[in-house]
Amino acid sequence: MLLHLSTWPEVETYLQRSQGMIIPIGSTEQHGPTGLIGTDAICAEAIAQGVGASTQAMVGPTIPVGMALHHTAFPGSISLRPSTLMLVVRDTLTCLVRTGFTRFFFINGHGGNIATLRAAFSETYAHVSDLNLPQGELVRCQLGNWFTGSAVMKLARDLYGDQEGSHATPSEVAVTQYLYPEARKQAALSPDVSPDHSIYGAMDFRRRYPDGRMGSNPNLATPEHGQQFYEASVKELSQSYLKFMNEL
Amino acid sequence: MLLHLSTWPEVETYLQRSQGMIIPIGSTEQHGPTGLIGTDAICAEAIAQGVGASTQAMVGPTIPVGMALHHTAFPGSISLRPSTLMLVVRDTLTCLVRTGFTRFFFINGHGGNIATLRAAFSETYAHVSDLNLPQGELVRCQLGNWFTGSAVMKLARDLYGDQEGSHATPSEVAVTQYLYPEARKQAALSPDVSPDHSIYGAMDFRRRYPDGRMGSNPNLATPEHGQQFYEASVKELSQSYLKFMNEL
Amino acid sequence: MLLHLSTWPEVETYLQRSQGMIIPIGSTEQHGPTGLIGTDAICAEAIAQGVGASTQAMVGPTIPVGMALHHTAFPGSISLRPSTLMLVVRDTLTCLVRTGFTRFFFINGHGGNIATLRAAFSETYAHVSDLNLPQGELVRCQLGNWFTGSAVMKLARDLYGDQEGSHATPSEVAVTQYLYPEARKQAALSPDVSPDHSIYGAMDFRRRYPDGRMGSNPNLATPEHGQQFYEASVKELSQSYLKFMNEL
Amino acid sequence: MLLHLSTWPEVETYLQRSQGMIIPIGSTEQHGPTGLIGTDAICAEAIAQGVGASTQAMVGPTIPVGMALHHTAFPGSISLRPSTLMLVVRDTLTCLVRTGFTRFFFINGHGGNIATLRAAFSETYAHVSDLNLPQGELVRCQLGNWFTGSAVMKLARDLYGDQEGSHATPSEVAVTQYLYPEARKQAALSPDVSPDHSIYGAMDFRRRYPDGRMGSNPNLATPEHGQQFYEASVKELSQSYLKFMNEL
Amino acid sequence: MLLHLSTWPEVETYLQRSQGMIIPIGSTEQHGPTGLIGTDAICAEAIAQGVGASTQAMVGPTIPVGMALHHTAFPGSISLRPSTLMLVVRDTLTCLVRTGFTRFFFINGHGGNIATLRAAFSETYAHVSDLNLPQGELVRCQLGNWFTGSAVMKLARDLYGDQEGSHATPSEVAVTQYLYPEARKQAALSPDVSPDHSIYGAMDFRRRYPDGRMGSNPNLATPEHGQQFYEASVKELSQSYLKFMNEL
Amino acid sequence: MLLHLSTWPEVETYLQRSQGMIIPIGSTEQHGPTGLIGTDAICAEAIAQGVGASTQAMVGPTIPVGMALHHTAFPGSISLRPSTLMLVVRDTLTCLVRTGFTRFFFINGHGGNIATLRAAFSETYAHVSDLNLPQGELVRCQLGNWFTGSAVMKLARDLYGDQEGSHATPSEVAVTQYLYPEARKQAALSPDVSPDHSIYGAMDFRRRYPDGRMGSNPNLATPEHGQQFYEASVKELSQSYLKFMNEL
C-alpha cells in the first residue's frame, strides 16, 4: 500500500492489522558525469515500493533530499543540514506515532544519510518519550540500506569487482537505468576508475573527486544489471522488514 | 528538465541559460473519505512538471510533506512544524544558490503551506545575505498556488458552484483521478457538502470536520475535470513563471 | 482593561468572565521620508486599546518589533527573524494558556507580520498540545489587520484613490498624525506616487524603493483622516473580536 | 529622540553624530496584590526616555516581555524563555549594527532579565563577528539597571529601610504611581513584609510567595517617592550612558 | 562519591539517602602568559571533589568547556555559545531528574559562566515542568563560585591586595600550582599588573588585554597559597552545599 | 601536550609545527552492575593522552558526556541530545579553527557517539564554510574508536571469545581496572553472559537488558588485560593519527 494513494479510512483499517511503515529516503546529489542527481531517491523509492508490495506494508512518502553536504559544490546538489534532517525525521515520526504507527523501517539509498538517521532515531525516541504518549515506549526505527545487503554486495562484486567504488557506483546507476531507461546518460569517463579517498567538506570533495565519482566505473552498468539489483534488494529488505516487525 | 533525471554537467549547462528552478511542494494529509493522502503533492508535482516542460525550466525535487498540523488527528497525516519546514526551504535554497540558481518558483498544492513558505522566503533572504555570497542579493522566491489561478477558480465555480469548498475539494480530487485513475476511491458522503468553518488545532479540526472535508463535495469530481484543471493550471503557472523570470 | 496597568488579582477576576486577550503587534521599520518608524506599533496599540475599551477585553503587551527583514537596509529598521518571532508568540501564548487564557486576538499593524503570525499560530497549537495542558484543545488564535477591514479600505479608496499604495500609506500615516500630532513630519516626495513592485530581500527592496515608499503618497494624510481611520477600525475590529469570542 | 517617532532620514542624520542607542527592557509579570503587571516595562521605558532626553540619545523600542519564568504561575504573567529572549536581543542588535549603530545601552527594569541579557550580549558579539560586518568589532553592550544605582538604592533605604524587599518593591511601585496615578491600586497586605527566600521554578515560587511579593511592603509607596526615584535614576543612568559612549 | 567511579546500583543506593549532586564547571581558555588553559576546570573539579568528600555528596562529571567567547581570540581557547551551554545544562539535568536527582549544586571556576548558568537554570525549570515529571517541581539549582566566597576573597586581598585582578588571578594560578606543581610556568610579565577594563567581544578583548591578564599579577602565586585557597574554598562551599540541601 | 596544562603562548608555538588536535570523547552512562559510569570517558581520555604523548600531539579537553539516551533509564546515566552534542562539537571546533587548528582526531570511547559525531562533522564543515574563514576548506575531522582497532578486537576475541559482548564489555572494564585499580567493583552477574539484541529507546533498553549489560561478561576483566588493551590501542591510534596528519 502506498500512503499517498490511500485515504485516511484506509489507513485506519491498515492500522488494525499493522503498525509498521516503510519510509524511503534518498538524496538529491551529483552522481558523476552520467549518474542521475535523483539516483538515491529513485532507487530507495522503487525498492521500498517493491518491499511494500511483497510484504503488504504501508509505504510512506519518500524523503527526496537527504544529508549530502559534501556533494554541494557540484551544481544541482541539494542537502539538508544534519540538524534539519533530524527535525524532519522527528516531525514525521511524531505525527505517525500519534495516530498509531510504532515501527518505522527506513529504506535508504545514500550512505551519507546513515549517521544522521541514526542520530535522528535517538532524538525521536527521546522526543516521543517527552510527549508522554501512551504508545511512546513501543516506537522503534530500523535502517535498511538497499546497497549493503549481502546479496546485493555479492552481485556488485561479481559484476564489477573493484570497479564498484563507493559513489556513483555502477550498481546504483544500473538500478536507475532499469527504472528510467529513457534517462540513460553517456559520457567518456577518465580515468575509468576514479581514485577513492576520504570525505570532508564540499570544496575538498570536489577537489579530490573532480568529476564526482569515488572509485567507481558507472559505465559498466546496464538496465539488466539494474533489474537484478532491484530484485535482490527487494527480496533482502522484505526479509529484514518482516523480521523487524516480528521482533518482540 | 527534471533535476532528478539530470546529471550535474547537464545542470551546469542549464545554468548558463537560466538561473530559475521550479520547486513543487505538497502535503501528506487526509483529504476526506475519498481523497488521497498524497493529493497535494501529486497535484503540485504533476503541474510543476507540466510547467517545466512548457517553459524549458528545471524542476527540482518535490517537497512531499508540508505544513498540515491541523490535519494530524487523522491517521496517515504527516506534517512538519512550520519551523522545520522553514529550515528545509532555507537549506534547499542555500545549496542551490551556492551553485548558481537565484530564482525559485514554488508550485504549491496546499493552502496550509502558504504562510510558512512566505516566512521561509524572508528567512532565506536574510540567511543568504548573512553568508555574504556574491549572488545573494539576486535571490528571489515566488509562490504559485495551482488552485488559486483565476482560470482554475473560474473552472471550479463553473463545475461545482458552492460545493467546491476549501479542503478535499472536487477540483483537487479530480486532478488526482486524472493522474491516478486506478486509485479512484468511492464512498457515500454525508452530508453531501460538509460545513465550512475556522481552522485551529488538530483535535479541534477533527471535531469540527469529522470526515475531514471542509465545505466540499468531492463526489462531483471526474477524471475529465481533472484534465481540465491540470491544463488550465499548467497554462496559468507557465505564464507566471515566465513573468517571474523576466522581472527586472 | 490593559494588562500592564492591572494587578494579578484583577486578571484572576477577569478570567472568571472571559478567557480572551487582545494582543497588538506592530513593527519598527522605515515608513518613507515622512512616516514614523514606529507607525505600525503605534497604530496597532492604539486601535487595540480602543477595541479593548469597547469590548471590555483585556489588552496585552504590544509586540513592538515584528517581521520587517525587507526594510532593514534603511537606518533604524529592526526586525526579528520569522523563526524568532514565532518563538516570541509561542512563549507568550503558552504562559497565558497556563493561567487560563485560551482565545487570542492579534491586532496587527504590519502586512509583513501576517505570514509569520499564521505560522506561529500553527506552531503554538502543536506546542500547547505537546504540553498536555487540560485547556490545550481550546486554544484559538485569530488575526485582525486593522488596515484590511472593509470600512477602512473603502475609506482609503475614497480619500486617496490609487495613491494609497502598500507601504508608508497615507492611511497609516494619518493615524499616527492623529495620535502624535506633535510628531508630524514634512518632506517633499518625488515622485508623488512611488512605483509599486515585488518584495524580496532587504538590499533589493532599497534599490527598488529608494525612499522607502511603495506606491503611496503619504503627503495626502491629515490628522482628521487619522481619526476617521481609527474609529472605523476600532468599530470593525470590535465586531470581529466579539464574533471570535462567541464562536463555538 | 525616540526611534518610534523618528523617520529613517532622521535616524541617518543622528548616526552622523552618534552610534549609540538606549534600549529599555522590562517584564510583564505579577507584582504582588497592588503592583502593576507592567511595572518593569513602565519604569524602564519612562526612565530610558528621560535619559534619552537629557543626553540627546536615541531611544529604541521597549522590550515589554522579558525573562520572568518564575512568575508565570500567577495569572497575567508572561515570559520569554531565556533562549528566546537571547534571539530577540541578537536579532534586534544585528539589524541596528548593519545600519551603523554600535553601542547599546540597555535600561533594565527587572532583575530576572540580567543573566539572560548578559548571555545575549556574548551571543551577539559572536554572531556579529560571524557575519564579517566591517563594524562588527566595535559593537558594545552595557546594562544599566535603574534600581541598582547607588543614589536609587540609598533613597530606597532611606525611605523604606528593610521593607524595600526584592520584588514588588515600594520603590518600583512608587515610580508607577508617579507615572500612572490613575492606576494606583489599594489592598491590605498580610503580612506587611512578606518573607524573602530563594527563587527556583514557577510553582515553587508561588508556593513560597503566595501573594507574589518578596520581602517588600509596597503600601509604603507614594507618587512623590516615585518622582524622586525617577529623577535620581535618570540622573545616574545619564551619567552611565555618557561614560559608556565616551569609553575608548 | 564520584559519579564516574560509581556503578549504577551504587547511584541507586545513594539516591535513597540524597537527591543532591555537585556538578563542577570550568572553562578552557587562556589565562595569561603563565596560567594554564584548563585553570578554571582544574580548580572547579578539585574543589568539587573536596566538597563531595567532606559532605558525602555525589560529584558528577566536570563540564570542562564553558562560556568564554571573549577569550577566543587567543590560541587554544574554546567556548560554547551561551545557547549551547544552556542546552548542555538542560540535557544533563533532565537526565538526572528522570532518575531521581532534584538538587544540583554547580561549583564554578569561571566568572564568564555565571550569567549563562543562571539563564540555564531558568530554562531547565521550565523544561522539566513541560515534561510533566512527578518530581519536576522539586528541582532546584544553585551556583557556588569558588572564587567569590568571603574567606577566599579575604585571603586574596590579604595575599595580593590590588594585584589579584579579575582574570588570570594569582589566586586561581596558585590553586593550579598546588594541584599540578609539575605544570608551573614562568614568564616575565610586563606590566606587573595589567590594566582592568570592560569586556565586550573577542577581538576587542585581545586588543585591550594583549597578554590575556586583566589587572592581575599571577607571578605572586605559590603552591602554598594554592593549598590555602583550596582548603578555604572547600570549607566554604561545603557549608553552602549543606545549607542548600537542608533548605525547605 | 595537554591543552589544559598549557599556556596560550605554548599553544601558539605548537601551532607553528602542527595544526592537529586530539579530542577525547566519552560518555557518562551505566556499564552494568560492575562497570564504572565514567568508563567511556576514562578510557578515551587515558588512551588519547597516550596517543598524544607518543605522537607529540596536542590533546584537548575530554567531552565527558556523550550520546547515551538509550541508557538514561538507569540512575546516574547522563546524555546530551544528538542535536546538543552536535552543537558542542561545532562550537568547540569553530573556536579552534579560528586560531589555527584544522585537523581534529576524535578518540572515542562509546559506540553510541559514532553516528552523532559523524553528523556533527558534516554540520561543522558546513558551518565553518558559512563563516568564510580563510582556513575553512582545510578543516578535517576523523574518528578513532579505541575499541574497534584490529589489534584491540583481536585481543578481545583471544581473551574473551563470545563473552566480549557489546556493552559493559570485559575489555573496557579491564582498561578502567588498569587505570583505577582502587575502583574495581565486584558483583555476581546472572546470567554470566547477558543476551544481545537491538537498541531503541531508554525504557525499552532497560526492559531488554535489566542489569545494563549487552552480551558481555565483564567479570573476565583484569587490570593486566586492561594494560594490554591500553597499549594496543595507543599504538593503533597513534598510527591512525599520524596517517591522518600526513594525508594530503
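A few notes on this one:
Labels for the chains are A, B, C, D, E and F, by order of writing; each one numbers its residues from 1.
Please note the rule applied: contacts are C-beta pairs under 8 Å (C-beta built on N, C-alpha and C of every residue); 3 or more make two chains touch, one makes a residue touch a chain.
Everything numeric in this text was worked out from a predicted model, so none of it was measured.
Comparing the chain pairs A-B and D-E, the larger number of C-beta pairs in contact belongs to A-B. Residue-numbered contact pairs of A-F overlap by over half with those of B-C, the repeat interface among B-C, E-F or C-D. We define each chain's centre as the mean of its Cα atoms; on that basis subunit B and subunit D are separated by 46 Å. Spacing of subunit A relative to subunit D, judged by their CA centroids, is 53 angstrom. Subunit D and subunit E have Cα centroids separated by 29 Å. Touching two or more other chains at once are residues 81, 83, 130, 132 of subunit C.
Residue ranges of subunit E in contact with subunit F, taken from their complex: 2-12, 15, 28, 30-38, 41-42, 60-65, 72-81, 83-84, 87-88, 91-92, 95-96, 98-100, 180, 183, 185, 187, 212. Against subunit A, in their complex, subunit F makes its touches with residues 67, 69-70, 81-83, 86, 112, 114-123, 125-126, 128-129, 136-142, 198, 200-204, 247.
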